[in-house]
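The two complexes that follow have chain A in common; it is paired with chain B in the first and with chain C in the second.
The block that comes next holds the complex of A and B.
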């Protein structure tokens, strides 16, 4: 009787559920290890202890007091927020133009944008370094904000353009008839409907800027301008690696992204699947 | 409130496509004007030019007597209802209806009062806090209407507003839209491809084909005396039977295939132009209801056909029959598929429900020659004077 209906807890045990659990554990375990280790006493870090005992905040205070993690955090926030804001503003305008306005060369522009977005960062880092040095931008916020904006714009434009395409033309025409000017139309009618796209582009851009390492290391090596990834990599000295402190700082670094994704998760999912199904 | 007049309006697109040719129509204040025609005939383009969403290539558009060619949609003081409603999905019903008033910076209490009044007229009071996504098709349609009437515009424009509704709701909304239009008494231009909608709703109907106005008249006049074959074939459901025929010498009768239908003197007197066609070919138009079943012993003008199909509608029978005359199909007046499916010589008659008839019978129809229509086969124009 292979088809007999399962009863009791047997109902919940089948191949799909097991596979899901294994996959979830595979993803979550390293994260758990990171968080658990960050709360261990400094001497317990690196042992096989599964749960921190005693729970200690020493690693965290070491990150903020022993190193300038507070400064790195501030720098990362400034660079990331400004770059993300710029990407969203420019991306919205470009996405609207490419999606809705009658203009020549749309397709070429989009293809070029796509090419730029897959361009390897490492290929441009040397010329960019020389350029930054020439104009005296090394060790400044704009040295990161500008390249971050440029590298993240193409993806944002693509996402936002697809969103704008999905908004019926009649919406804007109704707006015009109702007496809304172009700015009002974009602000009150188009943008609210493109919100999921805006959130998706925003979160992807935020994450990319927040975790970027190569440019941050190359352009901003002064302690006052280091971002979190560069800062953490510089923890410790020649003869020791303070794993506990690194873990604690990494946890703090992950928190903003976690919060963002958690709040906007519905929008992100709908943003990524828009255009997949007509409707 | 205002009149609208289109004087020799043309629309030529950048690619050279001439969508609307020399269109001249006057719409009186409070009049319900329907633009009807097959898809691609330029009716929506004409409407969009009146709305200001499309540039006018040449000609003059006057709204309320004032030239409006270069005015923005806002300045024209029009309201438009789109086929897909174009409701703002992120706003509630009340916000949707009140959006235009909000843009005019109307004080909040006045705005709310007007929105409520519009909602009352349309039966939307219970739905004001809902978003469009939570409404049914008919309710969305009403919100779109509400958004238009709340502004108290001088002109109402509607672009196939009922075509997204299912058949039953469409009939219901048809009456409702007409009722609301009468109630607010604003000049209205209504675009549709559905001739039934055009006939039932319009004070006057303008029939367009390939960008050219064919005829603009009251629904009854369009039906009774179409100016040309296209209008004759397009207006009416089931469509008019049009056959090639030859007029006998002296215009005493017309010959459809092998059958002769006599023309009483009165018919020819009414249309003296017919005499000129004696011995020549023309096109004869017969409405389905002008082919009643001939009573036994009937000796007047008649036509016999082989019955292919009988559709019982309860109130009447729609009888499809075949005769050996060549059926004329006005290009564009009927759907291509329908034209292809119609066999040469096929005709339709509406007969009384109790008529004993079955498929395969040879049936004799009395011909209502008084209401017969005649057209020139070359020009397609009606033969009257």
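The block that comes next holds the complex of A and C.
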């Protein structure tokens, strides 16, 4: 009843459609500006030219040749992929245990996990920095992989646990009767059922690692170990900011995550709203 | 619906539980802790231990020595310093002000967008995909993009303001415009996130309530205010909570766009802690700023829960 049927031209031109277009423009215009500026000739970046004319790839080659964007991209890729893999492996094991096994104190554990995920990063960076300095981990991959894994695990465990809860007990029992060991049961019976949860946890972890800035800035400041956000924030000197190069690098940095989020959008939305559904 | 589900509940509770030998149960519990141990150890090592250590540091005189640091005894002076520091007070004020304004604007705008999208007949999937782009954007890139837009010589915002006869304000170099500029960048990035959460809540609202409201002759506005909004309360509480948490830890955006300036106009608590820790090597006071920020975040969460009286995160097992 709320969505009245519209007839004639009102189907195409009405308040809802107009408001949708305004919303779309609100999102698209800054993005357009980012992409358009990245394709401008370096001198045109310092103007308000609306369309890149001529279209130039100079900023892109400058990002990779003049700056070490290739290194940053590689570092981000390594850190993000390893951390995401670890989160999924450890998160599946813990999510399975906390969801399905008769452990005493598991609800307390889950509540503590929820509280940890609330803590701001700034509360942990000083001790972690001193600790890593002590054991010589500053400027290394593990300096980011370990914290990223830890910070993304609580959400992954919650999501995976919720999926594990929904798997009928009989399926698992069938496996056990057939003589499958516990690991085998998880691998071939529970895991396929929890696949949507793995997608959701995975895409969230990937996005969080790809965009994280504060820890990357604090722990890995050497040029060889910088990730994309730290690298981009440090392009150029204090007086002149090479926006063209920055935007070319930005487009390259945004594309992989954009594609992933687009492919897995169903799971992203289910992750974003998992609290809303349960609350 | 309720009748059906309660009936099935009755059936399951009436069925006798499969008797399991106690030994098996114990074995499974041990296995469970074995399975969770790797994850829990990693989490404890990287979050719980440092949080505790932050508190310890903030309550100690920390002396930085040649190749490390030492804790020189219990003191409350770090917190004392904080309370009497105008830097901390202005950072606290800025962070709270920024959080309140952005969260309210994002909530109102996000709810409007959600209400529009809910009525959208075609293309809702595409709009959702579009809304996810700002969410997945690296904040540093967002900051660089808006700094470019606000640039005084070739920024497009400058041309637009000038076209409206507002002259050439130095956006990121003047306190109030800088704060508004940061807020706009934040609103662009996070409103879509709020809209998606609210939309998910809207879609799940029961349709019969609306039919009843319509039969009673309630106007659209009245329905929204007295039916939709109260039903949406848990969803909105969740969105507010996420956003308050995020906004209170504000770091990336002002660090890149203004580095806390002009002066200390956009210096958030996180930036203050970062400067104290890693530029002045004042680990005691820095830890005090960090710890008090974490504490305030927790209090903020509790306050949000109080206001909305919703049980976020509480689930039936």
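The working rule: the second predicted complex is superposed on the first by the 252 of 279 C-alpha atoms of A that agree within 3 Å, B and C clash if a C-alpha of one lies under 4 Å from a C-alpha of the other, contacts with A are read in each partner's own complex, and residues count from 1 in each chain.
Throughout what follows, contacts are C-beta pairs under 8 Å (C-beta built on N, C-alpha and C of every residue); 3 or more make two chains touch, one makes a residue touch a chain.
What you are looking at is a predicted structure, and each value in this text was computed from that prediction instead of being measured.
By the touch criterion defined above, A:177 lies against chain B but remains apart from chain C after alignment on the C-alpha atoms of chain A. For chain A, the partner that touches more of its residues is C, with chain B and chain C as the two candidates. Shared-chain residue A:168: touches chain B; no touch with chain C.
In the superposition on chain A, A:189 makes contact with chain B only, not with chain C. Of the two partner chains placed by superposition, A:136 touches none, neither chain B nor chain C.
Residue ranges of chain B in contact with chain A, taken from their complex: 51-53, 72-74, 78-80, 82-84, 86, 88-90, 99-100, 103-104, 147, 151. Every residue of chain C that touches chain A in the complex is listed here, in rising order: 25, 28-29, 31-36, 38-40, 42-43, 45-51, 53-54, 57, 68-69, 112-113, 116-117, 119-121, 123, 127-141, 143-149, 153-156, 159, 188, 192-193, 196-197, 200-201, 204, 207, 210-211, 214, 234-235, 237-239, 242, 245, 248-249, 251-252, 255-256, 269-270, 273-274, 277-278, 283, 286-287, 290-291, 293-294, 297-298, 301, 310-313, 315, 317. Of all residues in chain A, only 1-3, 16-17, 19-20, 23-24, 26-28, 30-31, 33-34, 37, 45-48, 86, 90-91, 93-94, 96-98, 101-104, 106-107, 109, 113-114, 116, 118-131, 133-134, 146-147, 149-151, 153-154, 157, 182, 207, 210-211, 213-214, 218, 228-230, 232-233, 241, 243, 246-247, 250, 253-254, 257-258, 261-262, 265, 268-269, 272-273, 275-279 touch chain C in the complex they form.
Residues 168, 170-171, 173-174, 176-180, 184, 188-189, 192-193, 195 of chain A are the ones that touch chain B when the two sit in their complex.
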